[in-house]
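Next up, some structures in structure tokens.
After this come two complexes, each holding subunit A, first together with subunit B and then together with subunit C.
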Partner chain A sequence: MLSRTDARAEGSKIPAHRLRLTDFDLTLPALGLLVLFFVVPVVILLARSVTEPAPGLGNYAELLGSSTYLRIFANTFIVSGLVTVVSLLIGFPVAWALAIMPSRLASVVFAILLLSMWTNLLARTYAWMVLLQRTGVINKLLIGMGLIDKPLPLVNNLTGVTIGMTYIMLPFIILPLYGVIRKIDPAILQAAALCGANRWQALVRVLLPLAMPGMAAGALMVFVMSLGYFVTPALLGGTANMMLAELIAQFVQSLVNWGMGGAAALVLLVVTLALYAVQLRFFGTDRMGGR
Partner chain B sequence: MSKPFLQIRGIRKEYGPVTAVHDVNLDVAQGEFLTFLGPSGSGKSTTLYIIAGFENPTRGDILLNGETLLSTPSHKRNIGMVFQRYTLFPHLTVGENIAFPLKVRRLPKAEVDAKVRDMLKLVRLEGFEDRKPAQMSGGQQQRVALARALAYDPPVLLMDEPLSALDKKLREEIQHEIRRIHQQTEVTILYVTHDQEEALRLSDRIAVFSKGVIDQIGTGPELYANPATRFVAEFIGDSDFLPCDLVAAADGRAEIALAGTTVIPNVPVHGKPVAGGKAALMLRPERLRLMRSAPGGSIALPVKVSDITFLGNNIHVATETARGDALAVRLPFGHEAISSLNRGDSVWLGFDPATAHVFC
Partner chain C sequence: MKKILAMAAAAATIATAMPAMAADLVFSSWGGTTQDAQKIAWAEKFTEKTGINVLQDGPTDYGKLKAMVEAGSVTWDVVDVEGDYAAQAGKNGLLEKLDFSVIDKTKLDPRFVTDYSVGSFYYSFVIGCNKDAVDACPKSWADLFDIEKFPGKRAFYKWSAPGVIEAALLADGVPADKLYPLDLDRAFKKLDTIKPEIIWWTGGAQSQQLLASAEAPFGSLWNGRMTALAQSGINVETSWEQNITAADSLVVPKGAKNKEAAMQFIALATSPQAQADLAKATGYAPINLDSPKVMDPELAKTLPDAQTATQVNADMNYWAENRDAIGERWYAWQAE
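Here is the complex of A and B:
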């Protein structure tokens, strides 16, 4: 009798409905918004690619069959690949330096990196336009030093796009790489040295493999972002060598061809998801940013 | 001892205004197991890191077989090292870790494979070559690190507190392994630790570091029986200290007065004795004799028992002199003097002055 009363008293302290982390109820409004404003429009756009102007895969056939459009795909992949590679080549030493430099100096460099990220994208891209143009500082400097006779064509072409985008993408390589490199115990490199590894061997056999997850994460992010980048290619690239995002914009804005625009967008999406799948397969989410 | 194999000559290391190592001199014989023993910040690890080439000395030289090591970078010194932290390459398997030093030396594959097998056998980890370091216990990882450091037959193996991250039982187990491997390979080992028991168990000789200086070098029994400084006496074994007055001193022997009255002649004295000055008398708790009544003839101090603690194979008796100085006595379990001994009892502690030491 007594124990039953106790049990009831105990039970009354427990709320009728306890909040558990597995309850989805509270996320429903946010999920609804996401579906309504994010998933539905994308699905509609993609649907239009197989319905306009006529039902079928005509848009895709045109997109993948024409040499003009294939050039644009090629441009996009070449520039994105170059930007990724150059960002890795510049970003790795910077991330390494950040990881080993005194923390006060490192925070200054971080501030510079973040400040550049927070500066308006258009402002930064126009700044590159000024720097890279025929009479810009870079060409003047090179001519002044006697290295070249006439100005190099650095802007209104893919060179300009690559330079400008590499600059914008660098922090996205440096930050994840820094996170990974910082976690590497310096004693591991000392051990490598005593084992007889010279600097090059320590870099190639120890440091690079250990930094691989960070490099892969950063490289994927940069490559995917570059594939769909619009502002920099539009401003620094020439009209002769377009990239995919510009093409989509042109389909939608100038030609009001939603079908082709949707098809191009879907191709971009498929490539991105495929790359993400590769990344997951080889590095796994749990290994991203850790060893 | 044969001719000096590794010579440390006047090594000094300054970090700005701080001197971490003060002119350390040391000769190590080939095949010797020498331990640097000292508290943290005593300069023992810095000295080891200078030998490894991770630090450059401000002054001094290090000679291996009569040739300086300082002009050789770490990766060409051919020295083995096991670190305090786990430093196996996490992306490589155990076998690949042991093969690493051989592969960077571009040895032929057959030779590498044979050596990896030998090393795994040496550290008794056959069958583990395909494991990743993260799948192994701390003790196993340090054994692999030992195998990796010995794979290229280094003339000298440095060990920087390799067992400090392990629990006591595992530590003792691997200490046995290290002893066996030292006997089997006859490699010269320089071992850094702050654990006196570990140092005594492993070493041929021990160099006691204090504040960047080697206070004393000797075998364990030498350091225990004849400590050169108060620091060594405190660090090796247990010790009691009593303040005393120096009456006279000559030829390393002193006559001292305890509590103003008891005069004790013929005690070994260390430091710079000045007649009439203050000094400290060091006694070993396990060499004191506990007696219930004043002995006739031999030297003994009257004390009061303040606590009795049972510690398994021996019994710890805390006592106090009339002046309030604490004196610990250790007696074997079952010692006749213990029976019916109670807190507050007045007893006498006898000792042989020849086994005591006076530090000035």
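Here is the complex of A and C:
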């Protein structure tokens, strides 16, 4: 019954009770906690979606049959997509700059990025509110400079949500992209130039394809995270661009209609898992960090 | 594996034994300046008198309350909830009946007393205005709903609760005594006329911020928040015309662990002096009819109590009956 590693261990007098990386019994308490405090409550909530107020699929019929709720689903995807695109547009140059700047400077920029990630989410969101409102710093500045004469509507709408969420999501795009770009051999671009590629061609046909794994991994992560976002859309968005997470909170906390809350949560869960499956299929878990 | 199970069992035993050991009373409210005031005016006095420590928790969350009662693990003993919710939750079996041999209800404002709840404090939705930001302030609900005469953003309470629908109907000319049953079609039609100009506030602090920054120079606010703004030196005006009253209620969730102490707490919290102290700190009105007698007359004048001439009472029983239906329609309309 001795496996190969066991046999080797006998020979080198390693104690019989030793730790192997494949030992899973030590992870059992953590798994138990996860099942007890995460899986079980989720299953109970989902079960309510087909039992309350009456057994059956009534909640799903109501959810998918109402134009209001369908618009909220659409909104959720539009906002998440918009945030992903804007994050990529801003994140790519930043990641590129980080990859080529002197390491001392890069570590300062990283510190700024991480500090913003560690600051309380609510505080950051309120800060945006103060900056973006009609009487806020940005509008006052623009009016003072004579660029506009009426304040721009930057908050309580799609613009506000996109700005606030992009700011929060940026590190999740920049970090994997940075990892990928750093590993690109500068000689490859040199080779492209030698083969006659101008700057634009080298960017589009060499650098971007090479950075694609990092972009795709980051973009998918941002998209999936955005789908379930609550605080930022609730504070910076108007009611007309409500997202799914807000709808769920409304069902659970305010209307105390857990059947509908569970149904909406299941829809969100299924979409998220499907996207996660796509991510695993194309990138695998080991490439999530941009490796 | 056996060891792990034994450890888990031990941990579970400790976890369930913990709340039973502590005889502390847990009070949940809505946070912010109001709960701070409740702590000073009620909880600290209660601890002085009975020696029972009061733990503050919150914010109140109806989903959480229901979950606690259903799971039979109720960690809140006294909860500050909205009046319409109290009436509904009592009917749905989520609350303990109050013990009126401990709580003296003879002096409590009967508008806010049910078998399951007594008023916590009451407030009015009034028309607030930042005088520095506009040339003229809206005086009536009709003014606040008139974007020709009063252009600009207006702040309204976001959640489905008594207040905004009533305001819309009053603005549309429905007489105060004909408000109920609410004509929702008419209310939403009226609300549609100002919808793009509405900024929704989700909590009292946000309503103050909107008005003070003139992000929304006017709107419908809780009167206590207007008092606080005026005290902080901002040039505001409050119109009490057709102020719409609603109340918070104190309730005891079904299966609360310290039921007897909870009744004593509510008895103290609704006593004339405790209600007067809270009113002084918050600008909300006492629900004990004897409280104004122990208050500074100057202060008593600023309370909704002094504004009964054109006051409109939101019908809590109507709301309790129709809370779910109105709520669904309200949120669907908002999301349109």
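Basically, the second predicted complex is superposed on the first by the 257 of 291 C-alpha atoms of A that agree within 3 Å, B and C clash if a C-alpha of one lies under 4 Å from a C-alpha of the other, contacts with A are read in each partner's own complex, and residues count from 1 in each chain.
The rule is simple: a residue touches a chain if its C-beta (ideal position, glycine included) is under 8 Å from a C-beta of that chain, and two chains touch if they have at least 3 such contacts.
Computed from a predicted model, the values in this text were never measured in an experiment.
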Three-chain arrangement built on subunit A, subunit B and subunit C clash or fit: fit
Partner chain in contact with A:201 - subunit B first, subunit C second, else both or neither: first
Contacts of A:239 with subunit B and subunit C, given as first, second, both or neither: second
Contacts of A:68 with subunit B and subunit C, given as first, second, both or neither: second
Subunit B versus subunit C as contact partner of A:188, first or second or both or neither: first
First, second, both or neither for A:209, with subunit B first and subunit C second: first
More subunit A residues in contact [subunit B versus subunit C]: C
Touched partner set for A:250, first subunit B, second subunit C, both or neither: second
Touched partner set for A:137, first subunit B, second subunit C, both or neither: neither
Shortest CA-CA distance between subunit B and subunit C [superposed frame, angstrom]: 46
Contact residues of subunit A, present in both the subunit B and the subunit C interface: none
Of all residues in subunit A, those that touch subunit C in their complex: 25, 28-29, 32, 66, 68, 71-72, 133-136, 156, 234, 238-240, 242, 247, 250, 252-258
Subunit A partner contacts - residues on subunit C that touch it in the complex: 1, 4, 7-8, 61-64, 66, 153, 158-160, 199-200, 202, 213-215, 324, 327-328, 331-332, 334-336
Contact set on subunit B toward subunit A in their complex: 52-54, 73-81, 83-85, 87, 89-91, 100-101, 104-105, 145, 148-149, 152
For the subunit A and subunit B complex, residues of the former touching the latter: 185, 187-188, 190-198, 201-202, 205-206, 209-210, 212, 291
